[in-house]
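Structure below; questions to follow.
By written order: A, B and C. Residues from 1 in each chain.
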Amino acid sequence: MSAASTSSVPLVRVEGLHTYYGKSHILHGVSLEVAPGEVVGLLGRNGVGKSTTLKTIMGLVLPSQGQILLEGAPITGVAPHKLARMGIGYVPEDRRIFRLLTVMENLRTGLDRQGVTEDKRKALLDKAFSYFPRLAERRNQPGGTLSGGEQQMLAIARAMMLEPKIILLDEPTEGLMPRMVSQIREIIDVLHKEGVAILLVEQNVPLTLQASQRIYIMEKGAVRHTCAASDIKVDDPLIKQYLGV
Amino acid sequence: MSRHDKIYWTGFCAIIAVLIVAPLVLPVFWAKFLTEILIWGLLAMSSDLLIGYTGMVSFGHSAFFGLGMYGAAGALLHTSPPNLWLAILAGLGGAAGAALFVAYFSTRLRDIYFAITTLIFSQIFYVIIFTWTAVTGGENGLIFTRPHFNIPFIVDVRFTTVTMHWFVLALVAGSYLLLRRITRSPFGMVLQSIRENEARTRAIGYPVQHYKIVAVMLSGLFAGLAGVLYGVQNEFAAPDFVYFVTSGDTVIFNVLGGIGTLVGPIVGAGFFQLLRELLSRVFGEQFPYLIPLGVVFIMMIIFLPQGLLGFAKRWLNR
Amino acid sequence: MEQVVQYFQDFPFDLLLIQTVNGIVTGLILALVASGLTLIFGIMDVVNFAHGELFMMGAYLGVVVLAATGNFWLALIVATMMVAILGGALQILTLRPLIGRDPLNTILATFGLSLILQNFALWEFGPVSRKIQEPIGTYFTLFYLQYPWYRIVIAGLSTAIIGGFWLFLKYSKFGIWIRATTQDRVMAEAMGIPVPWVYTGVFALGAAMAGASGVLFGPLGSVNHTMGLDWVLKAFIVVVVGGMGNLGGSIAAAIFISLLEAYASIWVSPSQAVIVSFVVLILTLLFRPTGLFVATPK
């Protein structure tokens, strides 16, 4: 449950993933791993396959080759709803909150599951509302009436309701005001302190380098470079090469 | 002539030859059985124009079929001596009218909604026919005598089982060729484009709804012809045939045989009728043959959605 | 003047009154059937052609349980549960393999199911109609007429079931699952909602509503293997007139159409009175194709 990586078994490990959308070969043998409690950044230009990698891990897309391991056990081909219950939380690129459901009902989609006692329920809700006070104010409002930033908060809070071991975060700061961006940054830190691993897909390089322990850089559907976040700076030529315009 | 065409036409002629000879060698029951398969096949083929080529599932064919039958009955009962060609004309007219009516309303809706409204409209016709006893004979239907095969000044002869079969075969084969011509024409190409992507077809500038209405009417015409033939073959018209079940059977023939192939539905009709005959012979008349048939039907949808002849779909349409 | 007075005196006000109540009673049962259909269509995009047969099976199972136990209420509960299970099983066997395919496939599959169920009923129960005894034999006086209590009870039960179902949809966990799945199936799965089972549950629920309607309708008419088709046809008309996927609209449309038919059958035979529903449908398609009871035409 806790962060210290005493075990050598990575929490999530992906080996040689090949994924197709129809005839398009999107992932060309992606391999990466995330240790328990680790924040790992996944950088790259638009269209290199970062989101697809997350979707494949989440079981939303079936890879044609390769495997995915959760705590050492293969999970390739397991249905998404099972993966969610096994501890993988997913916060997609366009947030995708349930617009016609209230904030509370959105949270309940993650909260209403087996093994959650009344106390635990209350604790989880309290935690969510203390991190995101704006959501508490709007708890009975339909999700669609929230602002972009609030929807992003809701999407993350919703995933937190699953008590996940790892959260797959897809471009959480996209389209957000700077104030919100730093809020996201704080949330990532808080989650990290709680021992939740995060696989963070981002275009915002500075934020990613600050928040992550390790990073991967992808290009054209494969991982091209990996290192500790502290070993690379924003103006590194590699960054320019793979992410520059 | 390309190789494909050679094989195709050879096959076609061979099958026609077999069908011509068949009634001469088969016992009367089976000869008539074969004729009926052809008639159901024609009905199913007409439906394929909509389902297979335009992408519109219609449950309204019982109305077109039934009105063809009743139209013919009307003509045969009210002219003396009963005239075959008038009957055909009347039947086609009735069916066309029904088709226009149904098309006008149903084509406003798409997909599932279209299917439901065609179903409802065919039931409307059923209720009208069933209750308007004065004109339609109500529950009991109409009985009439089979007209002669009459070409003025040339021939006037009664139909025998064999000649009736040949007449039906000629019309069904002719309809097939005509339908094939239609599906390969520019008009048919637009229909198929509608099936593939209706929005895009409309965006390109085609008046999609007009095409749909014409498609329904053509389909209705051929279904009506089948109704005429059925009536002439069996010498009665009954409201049962206007009931939804006929539409349902038609769709079954289509799915079993393979939609979008034109011949598939005929094969499907044959398969269905044979299976039914077989089951009732083996298990007795009371056997609910529709239960195992229903199961087969569902399994085909799940495992073999392209139908018996679906594998040949591209080849047949080339 | 004399003629006008005479006309009003001859006008069958009492019949009108009875038919109003009858229309509402039948309308509520029809509303229950249509709600199940709308539910399945709105959430799963499945046009359930077998819905009428599930209604019929409910009625027959009601007959069987009633014969075995002599208790109408028990028959209602047991038959409804059995149809729910039947519906769930059928969905798993025949509709799950078709998820993601063209909607044409599910129309055909449910059509196949309706054939099987109908002929099974014919085979098992024979062609002779059965009857479900009224649970309450007493009458009450409606102005100067005798009206049977059980019809009111049946109307009340239908309303209760529809109401209960609406509450369930709005507040329960499963209701949230259903609504989430309808809005965004993929994200619902990513949140741990077992979407395939939600679909099975929804189908079972819709089936249960059809089955319950069958038992409730039993005392009002006769139970035979073809009763399903008439009801499913009317239910489809109700769904189209009420606005597809619009629950409130279906209920209003069901009562509206049933009332009109009830009034019509004062003057014409019942088999002709059905033309009323057809006319309503045609008019709706002509002037308000998105539904008569939809707030603003889209």
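Following the convention adopted for this analysis, contacts are C-beta pairs under 8 Å (C-beta built on N, C-alpha and C of every residue); 3 or more make two chains touch, one makes a residue touch a chain.
Quick caveat: nothing in here was measured; it's all calculated off a predicted structure.
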**OP:** Count how many hops through touching chains it takes, at the least, to reach chain B starting from chain A.
**Re:** 2
Original post:
Among all chains, which one's averaged Cα position is nearest the averaged Cα position of every protein chain shown?
Top reply: C
**OP:** Could you work out which chain's C-alpha centre is the most distant one from the centre of chain C?
**Re:** A
Subject >> chain A and chain B: spacing of chain centres that average the CA atoms, whole Å >> reply: 57
Original post:
Per the centroid of Cα atoms for each chain, what is the distance between chain A and chain C, given in Å?
Top reply: 45
Subject >> Geometric centre distance via CA averages, chain C-chain B, whole Å >> reply: 33
Subject >> Partner chain C, residues of chain A touching it in the complex >> reply: 58, 60, 79-81, 84-85, 90, 92, 96, 98-101, 105, 108-110, 112-113, 158-159, 162
Subject >> Touching residues on chain C, where the partner in the complex is chain B >> reply: 41, 47, 94, 97-98, 101, 103-105, 107-109, 111-113, 115-116, 118-120, 122-123, 229, 233, 236-237, 240, 244, 269, 271-272, 274-275, 278, 281-282, 285-286, 289
**OP:** Name, in rising order, each residue of chain B that touches chain C in their complex.
**Re:** 51, 57, 105, 108-109, 111-113, 115-117, 119-120, 123-124, 127-128, 130-131, 244, 248, 251-252, 255, 288, 290-291, 293-295, 297-298, 301-302, 305
Subject >> Complex contacts: residues of chain C adjacent to chain A >> reply: 173, 176-177, 179-180, 183-184, 186-196
